[in-house]
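Notes to accompany the following structure.
Which chain is which? They are A, B and C, in the order written, and residues in each are numbered from 1.
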Amino acid sequence: MTTEIITDIAEAEQGTSLWKDAWLRLRKNRLALVGLVVLVFMIVIAILTPWIAPYSYETQNLDLGASPPSAQHWLGTDIFGRDLLTQVMYGGRISLAVGFVATSVALVIGVTWGAVAGYVGGRTDAIMMRLVDIMYALPFMIFIVLLMVVFGRNMLLLFLAIGAVEWLTMARIMRSQVQTLRQQEFVEAAISLGLSPGTIIRRHLIPNALGPIIVYTTLTIPSVMLLEAFLSFLGLGVQPPKTSWGLLISYGAETMEEFPWLLIFPGLALSITLFCLNFLGDGLRDALDVRRSKD
Amino acid sequence: MPAALHCTLLATVLLVACGQGEPNVASGNREGVLHFGFGSEPQTLDPHVMSSDNDSKLARALYESLITLNPLTLAPEPGAAQRWEISPDARTYTFYLNPQARWSDGEPVTAEDWIWSFHRSLHPDMGNQTAYQLYPVVGAEAFAEGEVSDFGTVGIKALDGYTVQITLNNPTPNFMRVLTNIPNYPVQRKTIEHFGSFTDRYTDWTRPGNLVGNGPFVLQDWRMGRSVRMRKNPYYWDADNVALNGIVFHTVENRSSEERMFRVGQLHYTDSVVLAKIPWYRAQPDSPYQQAPMMGSYYYMFNTDRAPLDDVRVRRALAMSIDRQALIDNLLLGTALPSPALVPPGVAEGYSPPALLQYDPERARQLLAEAGYPGGRGWPQVELVYNTSEDHRKIAVALQQMWKKELAVRVTITNQEWQVYLNTLDEGDYQVARMGWIGGTGDPTDMLEIFTTGNLSNDTGFSDPRYDEILLEQAPAAIDPAERMALLREAETILMQQAPVLPLYAYTSKHLVQPSVSGMPANVLNIPNFKYVRLDPEIPVWQAED
Amino acid sequence: MWRFISYRLLQAIPVILAVITVTFFLVRVAPGGPFASEKAVLPEVKRALEAQYNLDKPMFEQYMIYLGDLAQGDLGPSFKYPGRSVNELIAAGLPVTAELGLYALLVAVIIGGLAGVIAALKPNTAQDYVPMSAAMIGICLPSFLLGPLLVLVFGIHLDWLPVSGWGDIPGDKILPAITLGSTYAAYIARLSRAGMLEVMSQDYIRTARAKGLPEWQVVIKHGLRGGLIPVVAFLGPAFAGLLAGSFVVETIFQIPGLGRFYVQAAFNRDYTMILGTTVFLSTLIVLFNLLSDILAAWMNPRLRAQFGEK
């Protein structure tokens, strides 16, 4: 048993080899690799959009109106006669940015909060988790409206607002993970070795809880993208003529019987991204699984 | 969808077998019950607390004013009063009550009831948001503002047990139409006082079983979030001519849901017609779609206190670079009428609005250059705001692009949640803002009075002494209709020259009506008169052909 | 265990009080007001309205009045629906939303749990990819999209199920439950797959296998208990999200539930209604979080021992 603890600690401390091993394992997972490649492709397209988009995203052709896919407009045009492919490309920029940035905000706050609460326990834990409960129970919409009115509307605030809401569940999951891990022998051993709480959290707890966190992160990105759509739809997010996939989908949903392509293509773009995120998330989870690596 | 779900679903479906059951329309036709798509949940059934136009449809079934309007011609017809006289100076109205008029508990409706009801409607403690409609009556404004506490000073008197006389400050040609609106409906003293005091806003008197009215229908059931159900009032004086046995007002929050309910035969009527579906409905054989002009306009406001919109040339340039016809044909699918003025064309009898702000991009560019922005050079930051909605977004995005194309000026757009938006307008914290207004009486003053100095809804900063003089003094005093209309046209011409507003189009009311329904014609005030509605059990439920 | 529960219940009181206080002042600072409309309200009318609802008093006094009424279980009159009390509105909406939420959770747990567990047994094979990809569809299709799609297909084109309503026509509860549940099914599938994978690689599972127990017994007796802990931790917040998040589904299907009233109250600035539903929901959330903590503790023997000692 003692030797096992020691290898555990050693493994966690050798951060570079852990990530190297993980990368080797990830490379064997074909679906995860496909996911990664497609995601990278999407991100590259998003970055290059202003230079490679086939049309201007705001120039209208009211006489053309909504037209189905054609040789000039591969994905068709929207009710303003604007090229849908261009809209989807520009929408992707915003959706991907919101998804990644807001999720990172949520991730940092949630993981730290949950890990500290779960590790320290006792009264600190009680106070920290009751704060989470309070945040959960607040009327979210009024909260966001106030934020937007008091601080003005800008993208950065949108990221922060969404991140500030999404970290709560992350904190709960992290805390329950840490609570379970804390009972494990290797953590007890680390405590008895006199390592500082910060080190234990960073070196032992977070790496060992990575699996569920990564899975939840891949779940958070889509829900953040949808939340952005909901907020934009309420007038609290992205302002026209800027657009996002979520917004394109909610517009498309209104006319899905008349102009189905306005719903199908943005929906496909979002769905493909989400599928890839999930394949990648699964692959990462398996690749980073500390315990399985010993097999 | 996982396969397991499919199985569960199919199993349940097989048990249910038939989708919608018997459609409401089929059972309604047979039983004489109208299924009316009502939209949002009504706030209240107390006519003196009510403030929304939509809720007033319920009041029109439950209560009856002194007179009522023919739904087709909008001419006044006997209501609780069987006849009336108007004095030659057009300031005194005398109403002779119908002795047959009864409350829904069988008690007679007397002149005293009317005085008591008007008193309640105008009482300052009541907080009645529509009481201002009665301000043409002598002394009403002072009483409602709490300056005078004696209701005896108000020009509403009982001459005897069955005669009511109303005295006005000025001849007010649309007063008969005002009279059919919600602040003028009667409530029964006995009932109100049984459940609370005179001016209580919230007591149980409006509950089913408690509510007493004098209209053709009586409240049967009110299920929050589902429906308000009414049945025919047997004590109504003209009950013999009421064809319906009942009405079910279905409260539906989502417009698309309401339209789908109509499509599967659950509703006789809805005014929630999703724009994108209109071409489809129009193309249907025996189309249930109806559209009618109404007294209402969709426009943008310019804040005349903010640069660069403080310059009238800039305002006119922005207004004259809008191709309204292109907006309407392509984005509104031809469901509105282009309107270069605030008062819609052809709605008010004898009134033709000035056509000053027509589409003229050449002149617009010239005006912009004169204002110091030739070719859009030096154009400052200008922001357009609108309240969040898909329909408003379409217009805003198109305007933004038209200004860019015609004038080479850049305008950013922002949408705000409704309450935030109202606050923004109220504080004048905007440059260009979207607004719509619907008139309650069909007279040009419905629209024009907003822009008088000091009017609480005038958020543009526009103020013109001649305009105020016409609307507040000369037009109200004018007896000759032609003279009055000429004055109003002069006022609107001033307004359009100064251009604190950019009128875009005149609203139309849009309806889906089952073929079995008659007596519910679309009119410019967009108000139904349920007394006239008939259902033909022989006509089948409308079905779409794909 | 009982000490743990009563300790947590005591902790809930300051949480709820804090929620009330923050919400009370938040709604009053937010732009707009309960009586705002595009036809500007005359000042004399506004005065009368504010007097009727105590809004003319200093804010702190309003707060004390509210707390006093609340202590007696009175949530006050709704501003938006004069004549209706907030208690009445909640009492009318809650059973409907709770029923909807229950069916939706049932759909979510059965479908999501099943998909997740099956997937975890043979990771990175078709048995993994197919159920998980299917479960993903729920996340990719937001309810404002899935709802109308289901209505169009099953309600209008096939004419199998009602397009709207709740308890009016037989079968009208099916589509809303599926619409609301599908989002959560995907979440639960992911969490239970991850949890199961984690657990199935633990030493005690290997011990159980070494003892020669059949695989299905290993999974059910030993695997599920540990593997579903993340799911249980998720259920508390999920139920809360379900109550508030049922708004979209309730709107699409014309369901007279609490979610609709809650969100509309926020748009209408119906102060008492926002506060009332918030107080009510926050109490529920605290209770459900407590419940999921207790369940998680009960499923985790080590934590159970810890609570037993306290």
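By definition in this document, a contact is a pair of C-beta atoms (placed from the backbone, for glycine too) under 8 Å apart; a residue touches a chain by one contact, two chains touch by 3 or more.
Since the model is a prediction, treat every value here as computed from it, not as a measurement.
Colleague: Which one of the chains is closest to the middle, using the mean of its C-alpha atoms?
Modeller: C
Colleague: So using the touch definition from the top, which pair is joined by more C-beta contacts, A-C or A-B?
Modeller: Per the contact counts, A-C leads.
Colleague: Per the centroid of Cα atoms for each chain, what is the distance between subunit B and subunit C, given in Å?
Modeller: Using C-alpha averages as centres, the distance is 38 Å.
Colleague: I'd like the Å distance between the centres of subunit A and subunit C, where a centre is the mean of that chain's Cα atoms.
Modeller: Computed value for the inter-centroid distance: 21 Å.
Colleague: Measuring from the mean C-alpha position of subunit A to the mean C-alpha position of subunit B, what distance in angstrom results?
Modeller: Chain centroid spacing, subunit A to subunit B, equals 46 Å.
Colleague: Residues of subunit A that contact two or more other chains, please.
Modeller: Residues 145, 149, 257 of subunit A touch two or more partner chains.
Colleague: Which positions in subunit B are in touch with at least two other chains?
Modeller: Residues 256, 417, 420.
Colleague: Name the residues of subunit C that each touch 2 or more other chains.
Modeller: In subunit C, 30-31, 137, 148, 267 touch at least two other chains.
Colleague: Mind pulling up the subunit C residues that touch subunit B in the complex?
Modeller: 30-33, 35-42, 44-46, 48-49, 51-52, 77, 80-84, 89, 92-93, 107, 110-111, 114-115, 131, 134-135, 137, 148, 151, 154-156, 158-164, 168-171, 174, 178, 182, 185, 251-257, 260-261, 264, 267-269
Colleague: Spell out the residues on subunit B that touch subunit A in their complex, using ranges where they run on.
Modeller: 256, 274, 276-277, 279-280, 326-327, 329-331, 387-388, 390, 393-394, 396-398, 400-401, 404, 412-417, 420
Colleague: Under the stated contact criterion, what part of subunit A meets subunit B in this complex?
Modeller: 58-60, 62-63, 65, 79-81, 145, 148-149, 153, 233-236, 239-241, 251, 254-255, 257-259
Colleague: Would you tell me which residues of subunit B are touching subunit C in their complex?
Modeller: 1-5, 9, 12-13, 15-16, 19-21, 41, 43-44, 46, 49, 51, 124-129, 131-132, 144-146, 201-204, 206-207, 223-226, 252-254, 256-257, 260-261, 263-264, 266, 417-420, 422-424, 426, 435-437, 455-457
Colleague: Using the touch rule from the top, collect the residues of subunit C that touch subunit A in their complex.
Modeller: It comes out as residues 11-12, 14-16, 18-19, 22-23, 26-27, 29-31, 123-124, 129, 132-133, 136-137, 139-142, 144-145, 148-149, 152, 186-187, 190-191, 193-195, 197-198, 201-202, 229-230, 233-234, 236-237, 240, 244, 262-263, 266-267, 274, 278, 281-282, 285-286, 289, 296, 300, 302-303, 306.
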